[in-house]
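Below is one structure. I have some questions about it.
First chain written, first letter: the chains are A, B, C and D, and each begins at residue 1.
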Amino acid sequence: MNTLFSIILQTVLLLALSPLISGCIKNWKAKLQNRRGPRVWQPYFDLVKFLRKDMVISEHASWIFRAMPYVLFTSTLLAGLMMPLVNVSAPLSLFGGVLAFVGLLALGRFFLALGGLDAASAFGGMGSSREMTIAAVAEPALMLAIFTVAITAGSTNLSQMLLAAQGPTWKLLNPAHVLAFAALFIVLLAETGRLPVDNPATHLELTMIHEAMILEYSGRYLALIEWSASVKQLVLMALLVNVFFPVGIATDVSATALGLGLLWFVLKLLALAGAVVLVETSNAKLRLFRVPDLLSAAFILATLALLSTFLFQ
Amino acid sequence: MNLPQSELASQLITLLAAGMLVIQLLMVVQGMLLTNIRLFALQSLMLAAIAAIIAFFHNATHVYWVAGLTVVGKVFFLPWLLNRQVRRMQIEQEIAPLLNSSASMLLCGGFTLLGYIVARPFTSLERLGNNTLGVAITLLLTGFFLMFNRRKAITQVLALLTVENGVMLAAVALTTYGMPLVVELGIFFDVMVAVMVLGLLVYRIRETFASMDVSKLSQLKG
Amino acid sequence: MDQLSSNLLLQIALCAYCAGVVGSLLAMRRERIANLVGFGCSTVAAVSGIGAALLALTVEAAPGAAPFELWPSLIPYLQLKIKLDPLGAFFLLIVSVLGLALSLYSFGYVRGFYGRKNVGVLAAFYNALLLATTLVFTAANAFFFLIAWEIMALTAYCLVSFEHEKTETRNAGVLFFIMSHIGTGCLILGFLLLFQAAGGQSPGDYSFDTFRALGATMSPGRRDAAFLLFLFGFGVKAGIVPLHIWLPEAHPVAPSNVSALLSGVIIKTGIYGLTRVLFDFMGTPPNWWGVTVLTIGTISAVLGVLYALMEHDLKRLLAYHSIENIGIILMGLGAALMFLHTNHPVLAALALIAGLYHTINHAVFKALLFLGAGAVLHATHTRDMEKMGGLIKRMPKTAFFFLIGAVAISALPPLNGFVSEWLTYQSLLQGFGTTDSLVRLMFPLSGAMLALTGALAAACFVKAFGITFLAQPRSEQAAQAHEVSPTMLLGMGLLTGACVFLGLFPTTFLALLGPLTQQLIGQPLPAYLVQADGWVLGSAKAMGGTVSTLGIALMGICLLPIPLVLWLFFGRRTRVRIGPTWDCGLRGLTPQMEYTATGFSKPIRMIFKALFRPRREVQREYDYSPYFAKTLRFESHIEEAFVTRLYRPLNRTILRLSRRMRALQAGSIQAYLIYIFITLLLLLLFAL
Amino acid sequence: MMLLVPILVSPALAALFCLLARSRRVMAFANMLAFGTTVALGVGLLLQLQAPPHVITEWGEFFRADALSVWMVLLISVVSLGSSLYAGRYFQRDLAARVVTPGRVKEFFVLTPLFTTGMFLVVLANNLGVMWFALEATALSSVLLVALYNRNTSLEAAWKYVILGSLGLALALFGTVFTYAAAIDQKSTALPSFNWSHLMSMAGQLDPRMIKLAFVFVLVGYGTKAGLAPMHTWLPDAHSEAPSPTSAMLSGVSLKVALYALLRFHILTTACLGSSFSRTLLLVFGLGSMCLAAPFILVQTNLKRLLAYSSLEHVGLICVGFGLNSPLTIWGALLHMGYHALTKPVLFFAAGNIHQTCHTLQMRLIGTGMAKLLPVTAVCMGLAAVSATGLPPFGLFFSEMTILNGGFAAGHSVVSTIVLLALLGAFCGILYQLTRILLGVPKVARTSDAAPLDGLPAMGLMLGALLVFSVWLPAPLRFVMQRAAGIIGGEAVP
């Protein structure tokens, strides 16, 4: 009963909060570039607009094309439900830890890429190819960084990892944590299609990745895809902020604790979003074949983190 | 029998054995085919003589058989056969060895030495003559050398026969009475047949290759 | 229960296979009958094989099935003894499950050979191969094992070169057989070392019972030698890097049902051998064994998938993935060895289970994928992905099955590939704590490599499925393709079912592996492996990670309604139009404009340029400016560094030396006489 | 009843009969009949030997058959029967193709039984001198068979064969004489008997130095005839140039007969000097032959030469088996003799069919696709090749494994390893070459003048026997082999 309740709550939270984060990022970016930029709430209006619009589906497309948005949406939500947001114990923490989390995101990506290929347009193929490539290169860094934390926690269960990270704040400042965080931050940029890896704002054929894959989508499918994209972004950021700075996260289910936890969570998210904005505005997009260098840098960072867990203990 | 007689016998045998060796060495340096054949006949005659001497002094009748057969076969029949073949095929007389005579002479000297080294431990065993075994082994080695030093098919046959002589010498020298008669006869006939077969082959080779040079027989490789 | 013992079922299976061999040979001239008889027999045999394996793993696990002898042999030291212990039973299960699915598939598949090739012979060799493999898994005597092993290699060779009219097929067959025979040579030496250690006197010294835990009594040098020999011998069969070169040649050229068997089972015999020898015979391993196996596994996994990505021949691509998965399996085994060394039986059990679980998973989904590829080949008569496309509309069922296989092999939840890789991750993760030496860094690093492998595999199968089945057909024969016959679909469906079952109910299946770990490590299933009465799969410790694929699947189904609710809210009046794909204003898209398989993997080829060293040739004809080319021809080849740098030079050297030797037989009789003469002289000197 | 004399006489009679007979069929039939009889007699011998004293002697001590000789008799007669079964049809086609004259065919049918008689005499004679000239007789009769087609190459091969062969035999005669000399009692002037059995009985008193010298000569001499490297040089030439039935007999048994002669001296030497001397030499020469054969097989271009070199390899392995001199390896070597004798003829028959179809033995010219052109031949050849490369289910795998085992059990790991490597090399060569010619599609649609079933009876007989004896060894045979191993090793086999 309790679990069911928390599941519903967390689902709502994910769906409700994620567009806000994207909105904030867009808005602040514009501000930093001395533009007025869209309102913070703009993503919500976009979603509603997409949902209201008619759909055009390519004549070459198969059922894969239709199934993709559902799979993507569901898998992303599932991943989100495994991530502790305001409370230490995530609703589905028993059903899978960080490995399942990564796996579900990968499942979503798999179908996203298939959907890109299905419409028989060169753009889609290009997008899928690049998306899968970057994901492949990002994966080892991601996994190694997670391993570093998981080893200190002795578990891949996210709640366990959070509990292990509880305690005096100075523990969070040990080099392993810091380096792993840096690595994960780079991975976050890659996974959420941010500059300098991908430009979410562009529709220029040769530079786009994520946009190229979903070029053929419209209407409610597009709405689902966009929404899941922002949910994915939210949960990845949650992974960073909660696993590395589990300050203020609720350890019991009392209303005050939860309220406090929510407050802390949003604050931490906004802070991270700010960091992302800073990076995006201060960097130009990299050439596709320079991206691996960036990600291998992340891998090196993660390795260093690992070594430091090994050395400083 | 009394001692001086056997003394005399062994003296004679040693002498003849030495003669056989000398003839062998002559064959090594001798350049003419027909002469070679005659030398072989002479060598065989000495072998027969040795056999006869043994038979006489130890009155072992069956060794007379050996002597007789050797005379008939190796002194008359085989040389005649080879001669006939040489004439019939108008084989040019030159033997054309691979090594020149001086070098081969040197080698054969070495072989003789080796033969005596190999034979030394067994001198006690020979009761007739001295070092006949050494001579026999030397005949074997030099015969061997003759075989791969000659290019003509016929000469290889000849060399093979001298090896056979070596064997027979060893047989009589080591075992007093030679081998049991059955074996002797068997060996003898085998040699005859062998030479005939060889002759047949030589003939065929001659007519298909229009040459007697065995170094031309080198199509089968690898 | 006596009338249904595992031995009885096993004997039935063996007899049925023999009947299949004989029957299909007898019916050779009537291909339809041969087809029915041959594959009918193998079906029956497979079913009873499954029965035997399940019985041996459940009911008779505790006492273990009694050994029995086929017939008294004429050679001392050779006993044709068969014993169905848990390890053997597990692999027997694999071969029988695949045997069943493949036999059903073959009924339909071999119709393609009618009139062209002799189906009877194919069926006979197919049965013989299954028979030999079954014997390999159940033999209880090293000599007997080697016989079965060789017969297996022989029949596999015959099947690989079944379509011997093509030169590539013949060469592939020869390469396969030579490599496998070299491997067998090493095995013979290895077993002889064990035999020597066992005393080498009594005929019993060859039976596995005497080999058990023999390694402890061997001198370290001999023991390590034996380990290396076995690693090489079984590694060749398993296709580990760098001994894998035969695999991508041999597997694709065989008929697809055979390819499935080769990739699904035959390479697993290598895994079986390694497990049998390393865990059953060799005693507690030194550390470097585990490190070696783990390293080889990691390298094989990464290189295998990288080379797979470069392929656009569907079956070659799958073959390379076999190398990758063998690598993943070896990661588990290697970790288990290291845990045995540091004396952590629980973790060792976990790692071993991970490896073996991946073994059966790979068997199932790789067979499924090969059958799918076979169906595509059957329908389009080509293996080249660049000529395919749009097949999902023409052969929807095949496409669906292939998709399931692709998701499974990409280790995506909730299917079986994910589960076994999850277990591998768990064992690697907890390995870190087992030792203080620097070696512990191996665990997380190979874990990261495993992650890379998984992601690349996903990329590879997006390409494999997307290019083959989606979008527009790229060639005429792809456009003409049609769905395959029901029996073929049945075979694929069976394996799909297996994938789903192994994915969703891992805890149910893992219960079977208890006797196995008990036998090999002396340790029952880790206590925390099965949690929440079977709903959740745990790891080796209390607070360790947990996963529940079943839960994920159900939860996903529960979440599906959310979008529908949204439709009801907002989009009730929306319409769906079918329109052309955006073509940048050109007059319609043509298949030439689609992304190609080569193009898809181009970024990865660029990233790993140093490894692949692709040779590319671009020819463009233009009138006045290179930017307005009239015709453009691009081709790019990739040859494996191992072939070009290692094997070809080796081969060339050996042949050159042999040719040198031939000078000895130059034909001059004088030379021959001199040989004899010198021999005589030397011997005389030796004798004096 | 008398068995040994009939075994010797029946082929001789056949030879005589063929000398008088005119029609080819009759001659072929006479051959088959004779060899059939010898097979029957051999089996009779086998059964008779079961009873103690397990030795059969006739004409006083002149003919003597112990387990070893009986084993050889069986091999000789079976292989001869096989090749005579094959010969008839083979020469019919040769005559049709005008490669041979009827006279030569007659020569074949006369000489083959003589050849066989010689081999029988070798294994049945008790007197070592008789054994020697019997061997010389086999050499001489087979030389003419090798030269049967009057081609340049066949004459060349025959010449090399006869020169090297008779030279070797001369050396062997030296050895024989020395052995005899070693046996002479210094005091008495009586002629000692030259019987092997007698020499064995007085092995203790023989002069060791003399025996040593003798064995050296015999090894080089009979080793030449048995084709041990480096005295093997005549072997590939003769075996590849002879007509296929003769090649089959040369590779199948005549090598082993020479080896048998060598073995008799080996046993004697071992009894006199202890095992180490002669067995070491056997081991060295066996390994040498194996290691030499492998590379030649790898890069061979001529089909029959390929087979000849593989025979060299197997003879080497047999020598190694005897050289290791443990009961197990000796037993394995005996088994190997038998299985190889059953395998190699099949290969040569198949090669003969291919030769008569493609009129060449160069594998490059034969090209691919024999399986399509001559299905039956190809299948038989494939099976025989599987056996020759030592793969199960055929016996050669068992015998090879037994030898390797014995090597390891006796602590000669290195020897076994070398043997294994050589076998691997041979395997690769044979597999590669035969795959190339058997599989694939025929280069040109050659109008095949091959009747599909040519030589099937012979090959079927051999392969059938091979398969049967691979999985089942009848008790008497097993007993005889164990006794033979006992005779060689001086002790019984487990």
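Here is the rule we go by: contacts are C-beta pairs under 8 Å (C-beta built on N, C-alpha and C of every residue); 3 or more make two chains touch, one makes a residue touch a chain.
Here the structure is a predicted model, which is why all the values come from computation and not from measurement.
Colleague: Which other chains touch subunit C while also touching subunit D?
Modeller: Common neighbours, subunit C/subunit D: B.
Colleague: If you tally contacting C-beta pairs, which comes out ahead, B-D or B-C? Let me know.
Modeller: Comparing B-C with B-D, the pair joined by more C-beta contacts is B-D.
Colleague: Per the centroid of Cα atoms for each chain, what is the distance between subunit B and subunit C, given in Å?
Modeller: Taking the mean C-alpha position of each chain, the two centres sit 71 Å apart.
Colleague: Where the centres are mean C-alpha positions, what is the separation of subunit A from subunit B, in Å?
Modeller: Here subunit A and subunit B have centroids separated by 102 Å.
Colleague: Roughly how many whole angstrom separate the Cα centroids of subunit A and subunit D?
Modeller: 79
Colleague: Distance from the CA centroid of subunit B to that of subunit D, rounded to the nearest Å?
Modeller: 31
Colleague: Where in subunit D do residues touch two or more of the other chains?
Modeller: 159-160, 163, 167, 171, 213, 236, 296, 299
Colleague: Got the subunit C residues that touch at least 2 other chains?
Modeller: Residue numbers touching two or more other chains: 662, 665, 669, 673, 680, 684.
Colleague: Using the touch rule from the top of the page, what pairs of chains touch, sorted by label?
Modeller: A-C, B-C, B-D, C-D
Colleague: Which residues, counting only subunit B, touch subunit D once they are in their complex?
Modeller: Listed in rising order, the residues are 58, 118, 121-122, 125, 140, 144, 147, 153, 156, 160, 163-164, 166-167, 170-171, 174-177, 179-180, 182-183, 186-187, 189-190, 193-194, 197-198, 200-201, 204-205, 208-209, 214, 217-220, 222.
Colleague: Note which residues of subunit C are touching subunit D in the complex, please.
Modeller: Touching subunit D: residues 74-78, 143, 146-147, 150-151, 154, 161, 164-165, 167, 170, 173-174, 177-178, 181-182, 185, 188-189, 192-193, 195-196, 200-201, 203, 654-655, 657-659, 661-662, 664-665, 669, 671-673, 675-676, 679-680, 683-684, 686-687 of subunit C.
Colleague: Once bound in the complex, which stretches of subunit C touch subunit B?
Modeller: 662, 665-670, 673-674, 677, 680-681, 684, 688
Colleague: Which residues of subunit A touch subunit C once you look at their complex with the stated criterion?
Modeller: Counting only subunit A, the residues touching subunit C are 11, 15, 48, 51-60, 62-64, 69-70, 73-75, 77-78, 81, 92, 94-100, 102-104, 106-107, 109-110, 113-114, 117-126, 128-130, 132-133, 135-144, 147-148, 150-151, 154-157, 160, 215-216, 219-220, 223-224, 288-289, 292, 299, 302-303, 306-307, 310.
Colleague: Where on subunit D does subunit B make contact in their complex?
Modeller: Touching subunit B: residues 127, 129-130, 132-133, 136-137, 140, 143-144, 147, 150, 152-153, 155-160, 162-163, 166-167, 170-171, 173-174, 177-178, 180-181, 184, 186, 189, 191, 193-194, 207, 209-210, 213, 236-237, 240-241, 296, 299-302, 305 of subunit D.
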